[in-house]
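For clarity, chains are labelled A, B, C and D in written order, and residue numbers in each chain start from 1.
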């Protein structure tokens, strides 16, 4: 009924509340198969990390645990300096884009949800319709635009297409629907202006949704490939995926080095996941149920 | 009237201050672009350092891009008025840049046509238009046969000099596991790397054909010679006694670097990265000849040109820079660092260079090398890749596949020359 | 002046003030480029020279291009294999995972972890797995038990499924979580009533669970099908030295657009391809919306 | 503190008019309750007074000032919402203090004011808690505290008790009434519950379909309902409505009996005779209704009986000890001065 209840609801969904059954053979079999499936799921990640710790002569054997694990590959790849820059670039871009999305998507979602004004429906439909326009369609004009305004090979150039997303706007609008108008009107009576109401009253009420949005946007930008590939020129401006892609070719397929690069670009998101697991899964659930 | 005097004085002060300022910051900065390849960047850094020492009033800023994107970047930046003053271009792209007025001809007084004609390898004359050269290379490249010394020794064979010897040596070095899978190839194969050049300008000609006619505007390899060349190439990786496999270790040079391939055809630019490979003992020899001694090779080069963006003092600086990077000194540095061959016989064909165990085979190869004029190098290469794939993956006959490739390539050429003439 | 406005007028002022920057953004970054792309699709332009108006030439060329039809088909194969297979697998996993208590969170983490990886990084990992002996993990495993190697990426038949697998793998955890949320949202009393009625397991699944999951299924289908129609990162990175190969058997529309635009510099032709992609996405979305409305 | 006046207030959404020009004067310190079924326009009126929406026409005057174009914060009002509108992410102290955000008071004064309000509401111990740690009644008190802290001229309450359970509701309405007696501000209170209205109000405003039906003290609206709507809306169980005709100066009831009221009524007019269940009982006297008892509802000290007659069912009160049996034929009567006579066509009271 109210925004405050979003969290408990999704929590409840995620709680392991299946009826307790005695551990019979069927249950044990089910668990074992699920476990094996899960292990198979993480195998590629495990081999990536394991290979990044191997010497070249070990790379092609099937052992998951290297005979003599070492960090030389990491030293080699990081000494080169480029991965460090790619990492920083990816981080800057993902963080700024995430902040922008959180602010603008929620501002637009909030306005479309809580204000009555002429043109509201048209604006909503127009923004929603951009979901139908594939990014690929825009890449060429964006490229020309960037070229014209000198945005090629700049952070701004990499970021500008993603500063706001229709999906985020839609998601936030859905969530603001759960905020009772009373909350907003009470603040109006207390004398806050609309900007203050949005920021100090409405935004804190949808924090879980903001977290979900932030995680999606961050992940999306951290792993974005095609546009950064097109818009960046210099090696120093690459993002991790673009850098990794070029590194993969350039390394003459020295798999232990490629796996090291892949690990460098993957491990941060894995760590983020393991720390914020609860929030992220909640975000996925909310996107699934609300989107 | 005092007012006006004060104003005049102020203007005068401002002007002289500006003048002062500009003298202080007098060094002209020009920008140089090339694609990223470690050795090329290092070499160019050395050249720029030397050049700036000799011309303290000029600074050169180098920017480099990955090979895959380089062409896009150059094409996008120059029209936007952003790009370099001096740019490195693949020789095959030059026509586009001339047509789009993105580069300007080299001044004939500094680069006299007659002198260049005489001093450079004749292949650079493709860059000439009437009385002026549009661009000049520092270095040229050709192909040669790399071999893994350890594997040759193990198999007890010598570096091959003919195609037959090459096949025999490769056979001796090929290894399979119990299931019949290749674990070591006698020779690498793959049109994605340099083999498409070797096939076009090497094998087709060695088997008596001519790959293109009409100044590379008409495909001519769909012939008996072409078919023979293709069959020979396919024999490397087809049949039970194949000495190679397409896609073995993902990429040919990777297999060679990993010590899992005995022989490998590649360009001189590979020397640097092979030198860096730990534990690999390798040698290089000329591309194998046919039984009757016919040899042929492929050469290509990257040229430097002055863009239309360079004007005034930047143009003067750019001309000076061009002069330096096409000088004998620059060519020798480029050879030492990158392994690419000097564009002038006078530098390249010194006894020291020609007898160099590493550079020698490449430099000798230049003497009988041909330069393909590409309309769309990656597109044309892709056709070679697919020509082989049709045979290996779909079992198509060499004849049929060759005909399809020839037709498709002719179409690319027609499209290109048609729109170029517009 | 502002003070003299009525409350409603003030609200309108605020609303448009809030929307000003976003509307500017959407106009400049979304709508203008869309129009621009459509315009370019009627032109001939190689990025260097002038743009010339060529009418429908690009489209004619496109429809006459056998590579386009191959690519068009590939795009739909990605969609038509990827979506149902990933849907089925993720449902089966979610269905069973939902009923497991022991180490539930841990199992869930195992399935979800791939979603957090970068497509590029994982494309390279899988590319390595797929290599022939002596390099590739899968083929080495096969060879070690004496089975002949399998030509994953070197086959016109198997390359596409091989490229598709990591894409499905990465998205599986996401779908599993959403399915589980959908399953948990079904009131337990429905199942309890069915138990009292003594209905079979199969009937419960077919008559209760699946119909009630329809919104979830529709969401996943829409989400994943758009993803599969736009597949690029995996293909590009698993086939870098022969993009979309072998023999274009893995090439999706997006990769063709990329190559046409940024390797061949045929901007008009590339734009025409994007217009086609746009129409495909539009049609697929509309069909899905229709299904959504029916539910 | 101030009086409040509404003059010809009209509110229209697009083409639909939801308030048809209502007027009302509220005196300083008065507790006025707006009551009516949902959609009657009572909440809209409150929102117009609060300044959350624009009046289409008409004037709102608070303390002698026309406030139509003033921001809510400038109207010297405070409002308590149905859902309390207390922010889950803030502590009780912050929630109460939220009303002072834009005030120019010093920080210390604000804190003192919050403590004072919390003291009045008896929640000084709860200031550090978050709303999720409070019971429903406590949340309600926080919402009131938030309004109180600003010491407004007019308090507006928008169905503040409807989310509470029955027992708590009874308790809270007492507390609000006490609070009013203590602080003495003008209160406008909106509810759909006539019991709340009756128990709390100095004056009740009964609304229906955007019109004010009647304004009066609880006693007035109960004893002298202006029309059948008010008559049925106020009081539970609802007033019984019987039809009759005026003939020969007396009421000719549908049951056949004749009741002489002794007052002049227009001859031949169809009327509706209203009688409250507590006034209707079995016994001797003019028989208003005759019929069998269909259901009995024993309440202890008395019993409600449902009597079916002439196709309708009326409710009457019978003795708690010896009520008539189900099926027993009874005659119901009432004191003549408890009868309400309405025009059958317009529903307006004739007496």
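Going forward, a residue touches a chain if its C-beta (ideal position, glycine included) is under 8 Å from a C-beta of that chain, and two chains touch if they have at least 3 such contacts.
For clarity, every value in this text was computed on a predicted model and none was experimentally measured.
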Graph separation of chain B and chain C (steps between touching chains): 1
Touching both chain C and chain D (chains): A
Chain whose Cα mean lies nearest the overall Cα mean: A
By count of C-beta pairs in contact, the leading pair of chains: A-C
Chain at maximum distance from chain A, centres defined as averaged CA atoms: D
Distance from the mean Cα position of chain B to that of chain A, given in whole angstrom: 41
Rounded Å distance, chain A centre to chain C centre (Cα mean): 16
Length of the line joining the C-alpha centres of chain B and chain D, rounded to whole Å: 92
Intercentroid distance (Cα basis), chain D paired with chain A, Å: 53
Residues of chain A touching at least two other chains: 143, 230, 249
Contacts with two or more other chains, residues of chain B listed in rising order: 69, 72, 76, 79, 249-251
Multi-partner residues of chain C (at least 2 other chains): 8, 134-135, 241, 262
Contacting chain pairs - touch in the sense defined above: A-B, A-C, A-D, B-C, C-D
Interfacial residue positions of chain C with respect to chain B in the complex: 44, 46-49, 127, 131-135, 139, 143, 146-149, 153-156, 241-242, 245-248, 262-265
Touch list for chain D against partner chain C, complex: 51-54, 68-69, 71
List of chain A residues in touch with chain C within their complex: 10, 12-14, 16-18, 20, 23, 27, 30-31, 33-35, 37-39, 41-42, 44-45, 47-48, 51, 60-62, 104, 107-108, 110-111, 115-118, 120, 123, 126-127, 130, 132-145, 160-161, 163-164, 169, 194-195, 198, 219, 222-223, 225-226, 230, 240-242, 244-245, 248-249, 255, 258-259, 261-263, 265-266, 269-270, 272-274, 277, 280-281, 284-285, 288-289, 291
Residue ranges of chain A touching chain D (in the complex, touch as defined): 2-4, 180, 182-183, 185-192, 201, 204-205, 207
Of all residues in chain B, those that touch chain A in their complex: 36, 63-66, 68-69, 72-73, 76-77, 79-80, 82, 249-251, 253-254, 257-258, 273
